[in-house]
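What follows is a single structure, written as structure tokens, with notes after it.
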Amino acid sequence: MFSRFKMLEQKENIISNSMINNHKIVIQIEHLKKSFNGNNVLKDINLTVREGENLVILGKSGIGKSVLIKCIVGLIYPDAGSLKVFGKEVAEMNPRELNVLRTRVGFIFQGNALYDSMTVRENLEFPLRRNKTITDPYVIEELIVDTLENVGLVDAIDKMPSELSGGMKKRIGVARTLILKPEIILYDEPTTGLDPLTSREISNLILKIQNKYNASSIIISHDLNCSKITSDRMMILHEGIIRTEGTFDELKSSDDEWVRSYFKID
Amino acid sequence: MRDTKKHNIRLGFFVAIGVLLFILGIYYIGSQINIFSKKIQISGIFTDISGLKVGNNARFSGINVGTVSKVQIINDSLVRVDISIQENVRQFIRKDSKMEIGSEGLMGNKIVNIYTGSINVDIIEEGDILETIEVVQIDKILRQLNTSSINTAIITKNVAEITDKINRGEGAFGKLFADTSFSNNLSRIGKNTAKLTNNFADITDKISKEEGTIGMLLSDTVLANQLFLTGGNLQKSTQNLVEITEQINRGQGLFGEIFTDTTFTSGLSRVGKNLDYTTEKAKILSDNLVKITNEINEGQGLIARLIYDTAFADSIEIAVQNVNKSAKEVEEAANVVKRNWLIRLFSKKEK
Amino acid sequence: MNLNIKKIFRNEAPKSNHNEFDLSRFKNVESFLNEIGGLSRFTGNFFRELFRPPYEHKELLKQTYSIGLSTLPLIGITAFIMGLVLTLQSRPVMAEFGAESWLPGMVSVSIVREIGPVITALICAGKIGSGIGAELGSMRVTEQIDAMEVSGTNPMKYLVVTRVIATTFMIPILVFYSDAISFFGSYIAVNMHGFISFPLFINQAFDSLHYYDLIPATIKTFFFGFAIGIISCYKGYFSENGTEGVGKAANSAVVISSLVIFIIDLIAVQLSEVFHVFSI
């Protein structure tokens, strides 16, 4: 039963994939460079993300995948190159424009980054109160419950983050991003540290969100299962450049031995 | 939400108490240095403020009533000290109150003492300048006194010699006594001397009886000047007497017919009388000085305060000794003169 | 690109192992200067954010509560013991000079001028400084600070400004408490060897105090508070290297703020003299 469901999803993906090429570009990165202490992490990155597509960036740990998506929300500024989100250069945005951008681009951190000192409710309220002009507590409450329903964790509303399991934290992290209804969602290693079952749940959640909110996503991962479920398109980042690009199946059956080495574990 | 409110109330309480403590501190310190009470400004002019600083306390009857607010040099010898005094003690300070610089405690913080004035004088007003008590230069006066007494001693010696010679009827004086103008002169000088001694005695008498505060008396510059002047005159006149009597002794003068002239003898009698008076006064003077010095020695009375160095005390003692000695000599001399047959003879006649 | 470079500087910590703090670091002049430069820039950012709306009232109140009120019991106990011990220690010397009646005055001056502010600030540097250092450090390490930034909240404003304001204004208030409680401790100590009524004690204590004792001492406590806040926030905000970095951030927050408290005190002594001259 599960496999049938999966197949159905993949089918849908393929259909949407063909349509996506006509969609407008939401993220465009050209010749992006970034180095830390003379260590060139990103050498020359070129990529585009279209509306409604899930892009998985595969790569080993510590090669600057996180740096790349942090550049997109302006947490890190590139040394050179152009990085346009919704057609606007991120590095040239003023703080107000940056704030607007950040409401449209959701970021899900590797460690979830839930605020320890706040309950789940307050965690979800936090971005809401600061970015939307909603002040009516009933509307806020409704939105929170609604979003928690989407991630299936309404019960946890009054819990503290320390009381939650890893998977639950991840879901709350996702919910906190979703509450602003972002147009682009950036996932930083969403399945790291989770058991295989929970990983699959989270991967499916990502897919579900994509369908429900019609959001574009960049998913940084080294988890092949996750990539397989979520990706419309994949890229492999290696030594500061995008080495190769294609769908999961294309890459898996690549002629290049080096590319295929990434899929060996499966 | 309720939790936040509870927290806020507690926080408010905490901050309010904290600020209250600070305000209490400010207020308490303020009440100690009286920063909040209304103040008036008075001043005093001193020649020496011995290290008084802005912020030092001003005391009235031993109570802190104000602080020194300004110290300003006004010319090469005078310093003006401004003091802010609490308005509520103004009613006790009179316009003739005096200021003095003293020191408080062992550590010797300088303070300004304000002394009570006379009850019938007006209350001080803003900007008044009070009289100040300076350390009077008494040693100067004493120096004069000393010279005078030495002179007096010489006079009496001379007079004694004269009368002795007269007694023995030594010739050279025949001419001398005939000169009336001389005897008148002598008489006048004697009179003056007597008057001066009188003044001097009066002053010292006042001091010894402690009429008023001695500090005040000595601080009174008018009085001090008077004393100084008197001393000067006394010195001058005694000097004159010395010269004259010496002249007589040396047998100078051109007068031979004295014994026939009665005016002379009556004049001489007057001289004797005056000399007598002078002697008496000199005695009182020396007595007074002895009393004062005793007091000083025993550390009694207010005058003890005036003594700030031993040199001063020494000079007083020497002066007193001299005066004492001279007074004795004057007395002896006067007795000799009185006993003189010549004068006895003529004085009867005069009577 | 010019703009970019500016932004890079503004948003990123100076690149060095600035969490470590030991004396050998001072031999490395470059890293020492880097530290100072980073802290100065951080302070500059603090002031820029301080006056720029929006203001985080709620968080400020929360921080004020946790910094001010929760430190009070600790301060209270220390202050009481401080007043007690100071009086007991000074008593024999004063008694030797027969100046026991000066004891309240002497103790009050030492408490108000020096011991109250400095001891309170040091305790706060320990308690509050390590708290802030560890809290912000762990927030940095677990990307909570980044999360805050991407959810449209300026972490500088939300985390740093609120905490620095809270320390700047709470430490003086804690010092007032500390002074008052120390006086009480001193009163108890004086009464261990004799009897003196509380009003007389207070009169004697305040007799020796002047505004030039209280005011400069109070002004310097604001600087103490500011130093504790800004240094601890800086250390926490730029902590690195995971959990280890958090520990180091907390540690160096305490060490550096304590050191800076003494440096400020040193400067304050000189400036107090100036105040003394002008205050009369």
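Every chain is named by a letter (A, B and C) in the order it is written, and numbering of its residues begins at 1.
The definition used in the following text is that contacts are C-beta pairs under 8 Å (C-beta built on N, C-alpha and C of every residue); 3 or more make two chains touch, one makes a residue touch a chain.
The shown structure was predicted, so the numbers you read here are calculated from the model rather than taken from an experiment.
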Keeping to the contact definition above, tell me which chains border both subunit A and subunit B.
C
By mean C-alpha coordinates, which chain is most distant from subunit A?
B
Rounded to the nearest Å, the gap separating the Cα centres of subunit A and subunit B is 104
Subunit A-subunit C separation of Cα centroids, rounded to whole Å
42
Provide the C-alpha centroid distance between subunit B and subunit C, rounded to the nearest whole angstrom.
63
I need the residues of subunit A touching at least two other chains; which ones are they?
none
So in the complex, the part of subunit C that touches subunit A is made up of which residues?
1, 3-4, 7-8, 11-12, 15, 138-139, 142-144, 146-154
The answer for subunit C against subunit B in the complex is residues 58, 61-62, 64-65, 68-69, 72, 112, 172-174, 176-177, 179-180, 202-203, 206-207, 209-211, 213-214, 218, 280
What part of subunit A is in contact with subunit C in the complex they form?
36-37, 70, 73, 75-80, 91-92, 95, 99, 102-103, 105-107, 109-116, 126-127, 130-131, 176, 180
If you look only at subunit B, which of its residues touch subunit C in the complex?
4, 7-8, 10-11, 14-15, 17-19, 21-22, 25-26, 28-33, 35, 54-55, 67, 69
